[in-house]
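Have a look at these structures, which come just after this line.
Each of the two complexes below includes chain A, the first together with chain B, the second together with chain C.
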Partner chain A sequence: MKLSCRSLEKSFGRVKALDGLSFDVPEGAFFALLGPSAAGKTTCLRTICGLDRPDRGTVSVDGEDVTQAPVQGRDLAMVFQSFALYPHLSTEQNLAYPLREAGLPSAEIKSRVGEMGELLRISHALGRKTTQLSGGEQQRVAIGRALIRRPKLLLLDEPLTNLDAKLRDEMRAEFKRLHRDLGITMVYATPDQLEAMTMADTIGVLQNGQITEIGTPDALYATPGSIGVARLVGSPPINLIEATGTGAELDLGFAKIPSDHRAQGALTLGLRPFDIQVADTAKTALLQGRVIVTEPLGDLEIVDVETSGNELKVALRGAQVGQAKPGDLLPLNFDANRLLYFDTKTGLRLDMSPVQN
Partner chain B sequence: MAYRKAAFRKPGQAGWLYSLVTGVIALIYFFPVLWMILTAFKTRSDALAIPPKLFFTPTLDNFKSVFFRDTQAGDAVATGFVQYFVNSAFIGGSSVILALIIGTLAAYAFSRYPLKGNDTYMFIILTTRMLPPIVVIIPIFLMFRVTGLSGSYIGIILLYTAFNLPFSIWMMKSFFDDLNPEIEDSARLDGSNDWKVFFRICLPQVLAGLAATAVFALILTWNEFLFALLLTGSDTRTVPVAMANTIGGEIGVDWGLLSAIVSLFLIPVFIVTFVLQKQLLRGVTFGTIRK
Partner chain C sequence: MADLNTSGAGAVSGAGSVAKSGGLLAWLNAPERRGPLLVAPALITLFVMNIFPLLWSFGLSFFNYRANRLTVPSFKGLDNYEKVLTDPVVWERFQTTGIIVGASVTLQLIFGFLLALLFAKTFPLRRILLMLVLAPMMLSFVSVAIFFKLFYDPTLGLLSWAIGLFTGEPFILLATPAGSIAAIVIADAWMWSPFVMLLVLAGLVSVPTYLYEAAEIDRASPWRRFRTITFPYIKSLLLLALLFRTIETFKLFDLSFLITGGGPGASTETVAIYAYRLGFQFFRTSQASALAYLILFVVIVLTSIYLYIVNRRNEEG
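This part shows the complex of A and B:
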């Protein structure tokens, strides 16, 4: 099912939840709406499924305008952040509910509920009240109830927020598996870049009720269009460095790099923690960093260093892990080709290929 | 390092001392009811004995005379109390059910489809309960006389319904307010229309609240005296009014008879409260514990 939102606007009192929001989701896509809390993600999903009506703009499905269509008739399902299971019904009755409403014969309902129980591995819990299930099981029931009608479009509103970290890891893979196996279009709202990056094939960045950028996870990571998007995507977060362009050189405070003459005045540079390496010797190093904190993560270590007034996050890998101690001076190199250039005032990325040295 | 061991009390179990103190307080609370039930089984002289008798030979005479009165000729004549109990049950039951139906629907509307100035309307609804009954009884009495509702079942049932509505609405609204609205949204997405959302999704979730509201409304209505005294006729008289009529006469207050009536009168409320006890506890604590 192809979904298309055109300049959606929606206000709640004085608060503008959606402010001219537009995007397209092609058939079979896994589309992530990535944005901080209160950016309008939930309102966007509620508008798509018809629970909220937009003040202006249109929602169309497969080319047909459904903006004013009633909720009940739309061929889509939604998984809510709170799971929204029917607490007075058993797991089985929860799963059967949409089918009963659709008027399916009870034999058909029974077989589909059984199938869904198998698919989501909740067969053992079918007879129990949903209030007696664990968080992970409740989540599966919520997904099952959404999928059981075999909708063409599935909306997911921060479905992993209420789960603990380990379950979240498991469920991410589960969502990918479901998407691959069932081939339905999914729109997934999340404030967590990790979820968006790992699952989606396209990410729409939602900020202040507007889509500020759409792209593949790789593209958003490598060439974010603005400082805001650069900050939102990637973990550990990108290093932002205030720099000054002085003709042939760019002064980063802790290092000077050659530049063409376009980079003049105040600029903000983005540098991913993974693009900084430990130099072999102090002589070959571009800069020296004083280690403040280390965060070991097994075969990866995030090190915060301080250098000439800047604080940088550095991601160390392989043999370098565990070598740095707080207080050490760390000789560091970075690849100037990997720098991202942003206009400090507008926050937009400047398309500048750095000069080769 | 002397820790005071006594300051630490394990949750989940009370010591015998705490249980005993609670038991004594409970006995003080329950004593009037207990004494009344005992009195119901006493003869007239036992009931009035000084000092009061705790041990005596029980008799069922009082219960017999609730329903039958001996005439001077020695015949047993029905006192009409069967009718009064039926009246109380019918009037109380109907008005509670009516108030629950109207109140629940109104509460759902106030909760889910708030009007402009919703809180003002809620307040206005409650103001009718702020007037003391004695103030409104005279105009209501006159209106009932003019409309011919005086002495009829329909009149007193309507009055009690109106009487129970404000707090039925308030209580039920608080239960609806506590529900997760996403559950209703989910039902809409699953294809339910507004009626089904209400009856199959919302209502089953507030059954505990419904039970709590029903019990409170029933107790208030069951025990109501003033309106019943002035607005019911001899056919529609309720037990509290009939009970008051037995007080007085040449022989003074017949405490044994009165206690027997009240003991019987308590039974239905006891049963309803007991049956709904589990729901009631959930009802009154609803929303105080977040899941």
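This part shows the complex of A and C:
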């Protein structure tokens, strides 16, 4: 089902939770709302499902305006951050809860609960109280309860926040599998760029109650529209370098690169840690970096280097891992074509490419 | 008490030299004696005012003591208990008490529960209204009794006047046994419904809001929401209210004694009033003690049944 939010506004007292928020989710999409905490993600989901009414704006589903429709009148389900399982009921009763109200025959309910138990691998826990389940099992019950009515739209509010890191990794793949198998439209709110990047086919970046950018994970990573989005997407975080344009040249402080005439005055350049490499020799290097800290991650190593007042994060791979020691001077190269240009004042990306030699 | 004794005994030899130099005060002021010393006044009061009379009256219930006679009481064994248990009046009083307990506690639970549902919501003037509603349980029995005595009064009372508007005659609620019992039940329920409300309210506000929101998304009907979410949170508190109120109402004395004086006839005379009359009007002190212990026994049985039910529920849960 198609979901469409148009210039939603919602205030709580003086706090503006939603400030003219608009986006569309096509049928069957996995849409991630990515934003820092207090950006308005939860309010946005609550408005979509009808728990909150917007002050202004509309929510429409398949072209039909449901802004004022009661929660029960919308064919959707929601997974809460706190799971919101009914503590006095068993897993089975929790799963069957939405079905009992629909007045289904008990044989049908039983078979559907069994199916859901299989699908989410919680068959062993059906008879237990949900308070006796592990975090991961509770999470699965919460998802199962949301899915069992076979809603056309599933809202997920930071569903992995309360789980430990290992379980989060597993559940990410699980969500993707569920989305593929069931084919329902999902809106997934998360502050974690990793979750948004790995699972969603479209990401809406939510900042201060507004969608600042919508795009595929690849597009947001490669060509973020603003400094804020560039910072939010990608791990390790992007390097931001203050630079000065002098017409023909851009002065990065540690290096000068040729530039077209538009690069005048103060600019902020973005450079992904993966776009910096160790040079073969000091001679061919564009810059020298003093190693401050190294973070080995197996096949990957994040190295913080310091060069003429700038601190850069560099991602080393393959044979380069484990070579750098704190205090070493590292010869580095980067591809000027990969630089992202931002207006320092507005924070917006400038469509500029360096002069080709 | 045991602590006091052992530390006192140990000190005689150990702190002998200190006692010589500093006297009794210094001996008492020793660090290891300060704790027991500070607790002593409370323990002594408790013993003198509570524990001793309790044991003494228990002892009395086996003698033929009468508080207005100087003769030395003699031991009678279980005679008093036999008299009390075979006394048809005692059984009548237990029945009266049972009717009052059943009616009043039921009303308290219903109204306390409804009031709690009301005050769990937010509305204007809620805090002020809440204080007003809580006022009855903080009043003394005597003032509540006087309120209701005036309220029921045939010539001056509001009730009589209001009914008189329709019938044209004054209404005498306390004239009939049934009316008198109703009068006591209404006064007691008015006074103690707020107590039930407080307990239930505590349960209601402890229900997380997100459960109701989840239920709304799951399209649960209001009744089902109440049964599966709200009720489990207040169930144990309702049972607790039931226990407290049953025990308290079983001992009902003041309201009945002051509003109806137990009348008309003996229709509103509770066991507590009967025990009082046995002891202080007929001066059959020992027999009154025996009856008092019989009431205690009934209350203990009720409490045990309650605890048994609660424990079984906990095991299930």
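Just so it is clear, the second predicted complex is superposed on the first by the 357 of 357 C-alpha atoms of A that agree within 3 Å, B and C clash if a C-alpha of one lies under 4 Å from a C-alpha of the other, contacts with A are read in each partner's own complex, and residues count from 1 in each chain.
Simple rule for what comes next: a residue touches a chain if its C-beta (ideal position, glycine included) is under 8 Å from a C-beta of that chain, and two chains touch if they have at least 3 such contacts.
Just so it is clear, the model here is predicted, and its values are computed rather than measured.
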With the two structures overlaid on chain A, would chain B and chain C clash, or do they fit side by side?
clash
Report for A:V71: first if it touches chain B alone, second if chain C alone, otherwise both or neither.
both
Of the two partner chains, chain B (first) and chain C (second), which one does A:A102 touch, if any: first, second, both, or neither?
both
Determine, under the contact definition given at the top, whether A:F254 touches first (chain B), second (chain C), both, or neither.
neither
For A:Y341, select first, second, both or neither according to whether it touches chain B, chain C, the two together, or no partner.
neither
Where chain A meets both chain C and chain B, residue numbers:
49, 51, 71-72, 76-78, 80, 82, 84-88, 97-98, 101-102, 145, 149
Chain A - residues contacting chain C, complex:
49, 51, 71-72, 76-78, 80, 82, 84-89, 97-98, 100-102, 129, 145, 149
Which chain B residues qualify as touching chain A in the complex?
180, 182-183, 185-193, 196, 201, 204-205, 207, 291
Would you mind writing out the residues of chain C in touch with chain A in their complex?
208, 210-211, 213-221, 224, 228-229, 232, 317
Chain A residues touching chain B - in the complex, by the definition given at the top
46, 49, 51, 71-72, 74, 76-78, 80-82, 84-88, 97-98, 101-102, 131, 145, 149
